[in-house]
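The same chain A turns up in both complexes below, where it pairs with chain B and then with chain C.
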Partner chain A sequence: MSEEKVTFATQAWIEQFHAEINKSEAYRQAAKTWEGDFYFIIEAEGALTEPVYMYMDLWHGESRGAFIAQDPSARSPEFVISAPVSTWKEVIELRLDPIKGLLTKKLKLKGNMAKIMRAVKAANELVRCTTRVPTDFPL
Partner chain B sequence: MWYFRSPEIVFGEDALDHLAYLKGQRALIVTDEAMARMGFVEMVKAKLVQADLDCDVFDQVEPEPSLETVRRGAAFMLEKKPDWIVGLGGGSALDAAKAMWILYERPDLAPEEINPIDDLGLHQKARMVAISTTSGTGSETTWAIVLTDRQEQRKISTGAPECMPDIAIVDPAFAAHMPPRLTADTGLDALTHAIEGYTSSWHNDFADGLCLKAVQIIFAYLPRAYADGEDTEAREKMHNAAALAGLGFINSLAAAAHALGHSLGAVFHIPHGRAVSLLLPYTIQFNARGVQPTRYVDIARLLNMSAADDQEGANSLVSAICDLERQVGQPLSIREALPDVAPDEFAAHLDKLVDNAEMDATIVASPRDLSTDDTRRLFEYAYEGKDVDF
Partner chain C sequence: MRGYLGKILVVDATTGELRDEPLNETYARQFIGNSGLAARYLYDLVDADTDPLGPYNPLIMMTGALTGTRTPASSRHAFVARSPLTGILGEANVGGFTGRELRRVGYDGIIVTGQSPVPVYLWLSDDRPPELRDASHLWGLDTYNTQARIVEELGQPRARVACIGPAGENLVRYAAILNADARAAGRTGMGTVMGSKRLKAIAIRGRGEVPLSDKERFKQAARRALIRTQGDFSVQVLKETGTSGGMDYFDMVGNVPFRYWTQGRFEGVDNLNGGLIAETIATGHTGCWGCAVQCGFEIEVPQGPYPVPQTDGPEYETLCALGNQLLIDDLGAVSTFDLLCDRLGLDTISTGGAIGFAFWLYNNGLITPDDTDGLRLTWGDPAPVIELIGKIAIRDGFGDVLADGSLAMEKRYQASGMAVQINGLDPGMHDPRGMSGMAVVYLTSPRGACHNKGDFYQVEAGHDFPEFNIESGDHHQESGKAPTVARHQNYRAMVDSSGCCQFVNMPFRELPELFSAAWGEEVSLDDLYTAGERIFNLKRVLNLKLGLNPRQSEIFPELWTRPLSEGGTQGFVPDWQLMLREYYEYRQWDWETGRPRPEKLVTLGLGDMADELWSDHEGEGC
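Up next, the complex of A and B:
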């Protein structure tokens, strides 16, 4: 029986992502010293007509909270990574290494880059968690 | 989408003469005291004087340069205001020169903040020439920078595409005086760059040929350069191979042998080339047990080794690397490299070794993912000299 797909950049999707992170022993190990929250901005493209701000609070190998921010100005996370839907799709389908995406600026990052470069393994494990969410992209 | 970046490379006998053609006002040579003692600084200065450049020297770069040294060198640059930075030495001097150059142009940054993602806006104040005096790090043809955070006992493997040297001088005269131990350490560093550059998960068509050619040269000429330092052909070939391997891996990334090797070197103060090459056979064995196909078979076939399939190719390559390492007097296990470190002392450092390796940017390009447990076991197996069976 095939799994039901969840639409990317929705509350349901980020909840599943949050659950996958907290199930992942590999992520827990790789990110055991990580402290930092994020906005993942999904820029409007295709069927997505407005940008979506996904907030995640990642702390010592766990997701402490994840939701779609209705008012992006309400929080000032340490990191902001933004890209259009099609680029996020490439990342989630493992066709674009997230670090390579940052180096080529297909993924735009605001925040302490050096801190991210010390957490490349955690970044990869985070992406691996997204692959476990059966995803339908609004393209 | 990806990029291929390279300096202008001046190579061969008398390549140093190119310095006499530089246009500018003032050069600052970044080097170490040994280069001054060997007369290399004077050789470089003489060429810069021919170019009508005023010349200053910062000769306080230590092996495995610290963040503090980089700060001091950058402050010296800000005082002297050069429009050419001339890095002269092995990887330590060249990496330090790149980091100082960044801080000279961007005094708002700390060395810990150097990273490959931000736009730095270099070349407003100076350009850079890199002159390698060892045949291994390939730092003259890369934008990589390895610094040491002494407080945290950690190597910071970083860099920035913009700090790729404008000109690389690959003049074999500088490598002619390397002692055998340094010849072996640096030559095997180049071999590790070439093999990891060819097999990393970021490998690409533009880097492949450089890496393969470097492997071929190193297997043919490193034993000769080690056995007879006066063998000028071997010296020149190894000097070229190091530059080729550097150019190859910087455009495709190094991988787990570097991540683990940086960690081992920082914790136990093993020279960089010795550390990464010691771990190379173990990471190859590990990778070869993962997702197939690997690319080790290509290298084995290039070297005319038995390589009917992936596994045999990887096995042949590991054997050949170990034979080469033995030939040039290198240790094949951590225990052998650290005879004064007791097993319980090594075990006490395992958590630190694993943490460092997992924070190293090069781990991302490993062709097979390493879990924390895999990394720990690789260190344990490399300590004992055991074939990897997981």
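Up next, the complex of A and C:
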């Protein structure tokens, strides 16, 4: 029996992502010293007509909170990574390595480069957590 | 010929004679500059009987074709000679300031032959004729003090100095030449050749400009190139986190060596990371002339067991060669090793290779404290490393053994095939079991197992060059990857010849524009790429002339044939023989002899070399 898919860039999707992160021992180990919050911005594309701001507060190998920000200006997270839906789809389906995504500017990063470059393994585990969320992309 | 200074300074260190020689414009047109042009000169001057430490082995300092211009990060220049470490082409590429200064004083390059009876240094200034000056009082000084003393005694605070330290004087076979304090022309023992000539330093102060055909067109192209390079993600990473900013990623994919290439995982790797350096011990950035990246760190470690005064910090290769590889994760300790190597004038990669191999021999029972002057070589212990670096530089006791390099150590201790080296050179710190393309790079690099004559690990990390059909694939891909490696080597030879730093990833559309504006004739990207391929093949032909026997030396070290049970390599060992065969086919190199086929050489405009190379094969010459 196939799992029911949830639509990417929705509150339901990010809640499942949050749960997968907190179930992942690999992520807990890789990100055990990480302290920092994010906006993952999903830029409008296809059926997504407005950009979506997914907020995540990642702390010492756990997700302390994750939600769709209705008012993006209400927070100023330490890091912002943005890309259109199709690029996020490539990342989540493991067709685009996040580092290559940054090199080729398919993923755009704002934030402390030194800190993010110390957490590539953690980022990789984060991506693996997304693959465990059965996802339907609004394309 | 616009774009060049048109002069080479020829120095006979034996007689003290100095003379100007016109730049060979045919060579310059074919091989552009830097190590390519220098290799072409070297081809005429050496053969298989040339003693690398004898008077007839020339030391050639050559600038890139764009060195010293407004081109971003165009400080690069090369020192080239027959290597005393490998016996084949020796070349060490470096930034800093002396390349730019050489062009400002009016020369494209310097060729030093002979051997001076006493220590000397070369002084070039545009307000007086070149001269060799006595350096007896400088002999024995470290590189930092040598640079400072020469600047002081010349009364020329803006003079730039490239020099050797005690390691070069003592003919350690992997001695470096340093300028701008710690910018090292490190690989293949070019400092050793300089020491053999008793040439302590080259000091330069120039005020001139590189003559360009169309200054305004050049300026505009350089400005566009600067803007484009600054938008490059890897440039931003380098700017903020230095060359070791990618350590976490490289560890994840199995690129970083631990315990002399025998261990796949090391917790301490997280402590040797550019991001951590930036956040803890960095006090500023350092870099080369004309570079907006400034990828070097200035650091200070005020406390702890290994305090370090404010100085240049270790970069990726050093952090791995003298840190991860030895299971040492103390940033203060590794920074201390780095400072010692710089001051003594040692290549940190080959120093780490020799010390790492000594640790491996010791911990596998092949040598004992009786061999090591009583030192106990325990993985993770910084104390013997400090001792060994000092001993190597002055060839003291066990240090004298290490000073000849890991291949010589392998022979001495009857550990055939166990040193991790190819063609006599210790590899850069990029494990080919993590990124298979590096296997081909190391096997075929013109100066031994070098990571920079095609830094394919950058491609493997995702840095594509679609203009040349260079695209990253699976890290463990075997069949089909070698042609991409070859194209990348050609591309890098092209960039090298320009004198631009490979870290800035010069935008393709601007490079031909810069050359066209400099030379006053239209130069295409294809022209430049073909020059890169020509240079790569020239170096191959030169190495064959020097006695390279590829079928005996292009062999994977034993330790690389063993899978690692944990870590990012995931137990992978590349099928290096398959990849090498495919590489030869793509290159049009003959498998049995290792020679480029005559038709390939003719296509590249190297028909005269084809005749010489294939003269023993009736009917295959041209």
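In this text, the second predicted complex is superposed on the first by the 139 of 139 C-alpha atoms of A that agree within 3 Å, B and C clash if a C-alpha of one lies under 4 Å from a C-alpha of the other, contacts with A are read in each partner's own complex, and residues count from 1 in each chain.
Definition applied: contacts are C-beta pairs under 8 Å (C-beta built on N, C-alpha and C of every residue); 3 or more make two chains touch, one makes a residue touch a chain.
Model, not experiment: these values are computed from the prediction.
Participant: Who contacts more of chain A, chain B or chain C?
Facilitator: Residues of chain A touched, chain B against chain C: more for B.
Participant: Once the structures are superposed on A, label A:Val80 by its partner contacts, choosing first (chain B), second (chain C), both or neither.
Facilitator: neither
Participant: Going by the contact rule set out at the top, does A:Ala26 touch chain B (first), chain C (second), both, or neither?
Facilitator: first
Participant: When the two structures are overlaid on chain A, which partner does A:Val6 contact: first (chain B), second (chain C), both, or neither?
Facilitator: neither
Participant: So, does A:Lys106 touch the first partner chain B, the second partner chain C, both, or neither?
Facilitator: Touch status of A:Lys106: first partner only.
Participant: Does the superposition put A:Ala114 against chain B (first), chain C (second), both, or neither?
Facilitator: both
Participant: Mind sorting out which residues of chain A both chain B and chain C touch, each in its own complex?
Facilitator: In chain A, residues 97, 99-100, 102-105, 109, 113-114, 116-121, 124 are touched by chain B and also by chain C.
Participant: For the complex, which residues does chain A have touching chain C?
Facilitator: Against chain C, chain A makes touches at 97, 99-105, 109, 113-121, 124.
Participant: Where on chain A does chain B make contact in their complex?
Facilitator: 26, 29-30, 33, 97, 99-100, 102-106, 109, 112-114, 116-121, 123-124
Participant: Mind listing the chain C positions that touch chain A in their complex?
Facilitator: Counting only chain C, the residues touching chain A are 231, 233-234, 236-237, 240-241, 245-249, 251-252, 270, 273-276, 278-279, 461-464, 472.
Participant: What residues on chain B touch chain A, complex-wise?
Facilitator: The contact residues of chain B facing chain A are 1-3, 112-118, 158, 161, 201-202, 355, 358-359, 361, 363-364, 369, 371-372.
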